[in-house]
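Two complexes follow with subunit A in common, the first pairing it with subunit B and the second with subunit C.
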Partner chain A sequence: MTSDSTAAAETTTVRGLTRPVTIYGGLAALLLVSVLVSLCAGRFSVGPERALAILWQGVLHPGLVPSAIDERVVLLVRAPRVLLAAVAGAGLAVAGTGLQGVFRNPLVSPDILGISQGAAFGGALAITLGIWGLPLIGMVFLLGLVALVSVGFLARINGRTETVTVILAGLVVGSMFTALVSLLQFIADPESSLPAIVFWLMGSFSTATWQRVLIAAPGLLAGTALLWALRFRLNLLSLDEAEARSLGVRTERERWLVFAVVATIVGSQVAVSGIISWIGIVIPHAARLLVGHDHRVLLPSAVLLGAAFMVVIDTLARSASSAEIPLGVITALVGAPVFALLLRRHYRERKEQ
Partner chain B sequence: MIGLDNALIRFGSRTVIEELSFSVPVGRSLAILGPNGRGKTTALRAMLGFQPLDGGKRIAPAVVGYVPQAGSSNQRLRAVDVAVMGCAARIGLFGQPGPADLETARSALQRAGAARFAESFYDRLSGGERQLVLLARALATGSPALVLDEPAAALDLANQQRLLDLLDGLRQARDKAIVFTTHDPNHALAAADDALLLMSEGPALHGPVAETITPEHLERLYGVPMRLVELSSPGGAPHRAVLPAFAGARAA
Partner chain C sequence: MGGRGMVRRVVSGCAVALLMAGGAGAQQIDIKDQAGRDVKLDGPARRVVTIPMPMASGVIALDGGTGRLVGMNPLSLTAIREGILGKIFPAAAKITDSVTGTNFMPNVEALAAANPDLVIQWGGRGNDIVDPITNAGLNALLIQYGTEELTRQYMTMVATAIGRPERIGPLVEWRDRVEKEIETKTAKLPASDRPSVLYLGNALSSITASGDKGNYNAFYIDMVGARNASADLSGTVTINKEQIAQWNPDFILLNAFEPQLDVSWVYNDPILSLTKAAQNHRVYKVPLGGYRWDPPNQESPLSWMWLADLVHPELFDFDLRAEMKSAYETLYNYQLSDADIDGILWMDKQGSAAGYDRFKAK
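== the complex of A and B ==
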């Protein structure tokens, strides 16, 4: 009897350990395949073996300026674009996972909370004022944080943040900033700054260069790494306020730490590729369905899945038709129905309890 | 040691708790009784530090093992992953639970009688099982104080008995200061050394269970006639139970 139950416990432990590992393996394979396809596919197609050979040459001789046309396409156009899409997708997915944990609410994401819109306003304002480079990223980050803080204050009523108030506050703040962006577009110079703003807002990796990778990657990687370091803490922050505090968590302070990290991630992403919605809500859910709610397994799955999904979407965006389809169109086409399903399921579960 | 010293709590103009003082030393167990709305939960929250005091002091260690009535979390985590959260205060902001913490969590689950479903997903457990996991989490904090909010309120009779036995076992170990709120005076008789009766009128009554859980006091507390009955359990010492005499003398 005793030995039976111990044996049963052991097999479940083993299964509990191997299951995430299998899933990581599958997701990593998915990411690698999508990266390879993305490097090969497009108006100028390159064979997979040739693409890998070019990539290998590029890694061996990083200083060498590529001369052949296929080398230039793979190393200077596609490689930075794929890399940027992957880190942006991973960052957005992790940011969404973190926010959903902290708000104890599966329906929040950076763009539903108005962070993206705030960040967009920061960028548009910088472009209107003729500011580029690092200061632009600073403004993007700052206004993303301002939007998040406003939502936080609006939604906190009597020390509690409820699902509905958070989503409504996000809507209010997001609309505010969207209106401000429209206002900027209205007064912008139609010859120079207006096209720049519009193009930048559409959400695209088409402007990806190695330099832009260098601009965005530090914030995206540092933010993702910080959330990974906070993975056990995110489990605690997902608890009820009173429970978390009784366990020694300084909920308010730690929540703001997560918010700041999320703003860094979203700011870095928006600065180089505009607003990309839906990734931050769809991917965390898919990952949760795969591995459960423990952030220690959830975050890595979200990273891999987010990166792979973004690369696939971007490949579709640039190769499905002769012109580039804006990313937001594809992510919304996929994301909106998924969100609708989640919303229905969320409230049905609530009722059953 | 956990308790309140001359606590005063107001909600707007309404004074909920006034001049309330009690403290529970390590090794004793206190049951807080009172009618609905008299401030049981408020007193509990004040002890835990969630309810700001308008006057007086809170006496409590840095971390208090807290067992909520029903866990808010509806997340797909294994029970052992829930229990290990009890170690959070020792783990720190960027830390991860190590083998020692897992060991603590497992022995806490053992002590709470929840070892059977340590590997099960918390969201698949029944209400009674979840409460045992939450008790394990509170034990894993290693805090000398344990506070339970209406621990038996939502349980059927068999689960009530199991939980009360467990609470009594924790009390007999004499290594913790235990406080719980309850509606049922019989829970106090089963698992507490002392009782705190939050009377609807006048000051609260605090003292050993034998002196406080009496029909006279309970009638004053709930406004319902009460009878005390002595039950002789087979081979054991007689134990007492309190019955409300709803609809007049039926229980007499």
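== the complex of A and C ==
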């Protein structure tokens, strides 16, 4: 991995920016197309031309309150949902990329490390205590961070952090928080707060509104921007500990910085759409296959790819049948096989080294 | 219905047998339940636990009191507390609900503590929720959800099991009479005269609707001369608002299960408020009487009449308030006040809805 990332960094500098630019262009086009298709697709039939015309009107006059039903469907139901899916997908992908860099481990992601579950518990706890609004979001962030810190401490044995211990610690912490959410469900009032709690465990964008976009976007965008700002650091952090230190990185402090950013991103996502698994592991790998290990190109690619992928998956979930298909079903069907492949390859490579 | 002219009738196809045992006149009761199991009781059940939600109020109605009911589903208890039954029978609100989870899984210890001689449970939902009852040596009577026929059968079984067979005849006759009365007027309605009705079993956290198969709501939507807007679904599934806009139903019925749900949920929604139902003020929350009127229960004919009056005011002219007063007298020996009826029909929240005028107190 060490030699890989340096090599990747060298190729990009040597060849200049042509290759990443082509790839960015392709990915951006992919995102744009998936967003447009998604805005035209849905259970309510609106012709693509009409949908795009409505969208154009909405862009030209953003303050206008739509009155016709097809306008409302496109501008008040689909647009916020597509946007939320895009920023959440981007956030999860970039958070996964960051975590994999910091842990020097390709098998970690926000849900595998239990951060999503911790965040979900924060939300459920807030509802049980009768807390809503911004303090609720605060609890979501905080518990997400608590989960991540717990994994960090659990996995660190004699000053070393092994891949296996990280994954197992994530499993432990994730299960713990899932159990705590179930416990809250158990003691919750079955008719009023229970449905609200169930929401946290079942990832879905079906409740998307512009208000939710406003709740999630600041954390997701700021977090993504911060990780981008840390791209050089991430490259160094993914080096060997001693090597990184010798290059003047204060590894401990910067690792915590990345953790806080990741918790912010995941908290924002979980607060509006519940736990969404697998995106944080599948997308970083797909992006790495495309552009290599250098975080300077990897992060933007993961953002674009994650957003496009999430939009496509959610479009399928909401428009393939009269019934909403649970998001987790589709992401797991795609994600689990990819994870299995990675797991095998990771250990084969380690054996060969 | 009223107290007069009720014909006691034996329901055809009902597998209930009453056997008189010899000796001191002790009555042994043999019932074949809806899972085809033989249930034997040494005499009328005196302590009954009901796990299916509508059965708690069902037992109260069949018995005419709360004396035999010793345990129920937590969601039966909330219906009693929120609805009129808690007012009619204050003692019912104190009956334990710890005998089962809302998922119908019995709590054996709590069940044993309630010491029932009969436990009513859902059949057709697997043995996992039945075995704990029988393993504890308790008598389980399994009933099945779905059709009107099944409902009449299991109500008859339960009346027999608690030794009140004389009370079921009039109730079945009433169901039969109202059903026929409605059907004679709607049976020949062409599809074009059947407005679409969407019933939402959940609305607040996720929205669910159901197809036709095994769906009691679809049964009476069809009976009153309408069609189920969500007929193309299979089973009960989560849907989105876009799908509702696409169906664009003429009527929307909101469930009585979610206390915080009322018609403003539709009228304040940017999408749903543009459906035909909302535009014509035809959005109604299903009433909560002695039980929630959505699933089959002892008051079902009232829910049919309520919906028939709303869907086809030109065909039906049921005097719902009078029918309710008469039914509550028979079922619970209770005189409904006008305020009680207003509460059951959610007059304060939906009194201004289309067609609700005729339900107003005169």
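Note that in this section the second predicted complex is superposed on the first by the 336 of 353 C-alpha atoms of A that agree within 3 Å, B and C clash if a C-alpha of one lies under 4 Å from a C-alpha of the other, contacts with A are read in each partner's own complex, and residues count from 1 in each chain.
As a convention for this text, a contact is a pair of C-beta atoms (placed from the backbone, for glycine too) under 8 Å apart; a residue touches a chain by one contact, two chains touch by 3 or more.
These numbers were taken from a predicted model, which means no experiment stands behind them.
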For this session: Look at A:Pro218 in the shared chain and tell me whether it touches subunit B only, subunit C only, both, or neither; answer first, second, both or neither.
Result: neither
Exercise. Between subunit B (first) and subunit C (second), which does A:Pro337 come into contact with in this model arrangement: first, second, both, or neither?
Worked result: neither
For this session: Considering only touches as defined above, state whether A:Ala229 meets subunit B (first), subunit C (second), both or neither.
Result: first
For this session: Give one of first, second, both or neither to describe whether A:Val249 is in contact with subunit B, with subunit C, with both, or with none.
Result: first
Exercise. Touching A:Pro135 in the superposition: subunit B (first), subunit C (second), both, neither?
Worked result: neither
Problem set entry | Residues of subunit A defined as touching subunit B within the complex | 5, 9, 12-13, 16, 104, 229-233, 235-236, 238-240, 242-243, 245-249, 254, 288, 292-294, 296, 349, 353
Exercise. Which subunit C residues qualify as touching subunit A in the complex?
Worked result: 74-75, 78, 102, 202, 204-206, 230, 232-233, 237-243, 245-246, 257-260, 270-271, 274
Problem set entry | Contact footprint of subunit C on subunit A as seen in their complex | 42-45, 66, 68-69, 72-73, 76-78, 190-192, 195-196, 198-199, 204, 206, 318, 322-324, 326
Exercise. Any idea which subunit B residues touch subunit A in the complex?
Worked result: 45, 48-50, 62-66, 68, 71-78, 81, 85-86, 88-89, 91, 93-97, 116, 118-119, 121, 137, 141
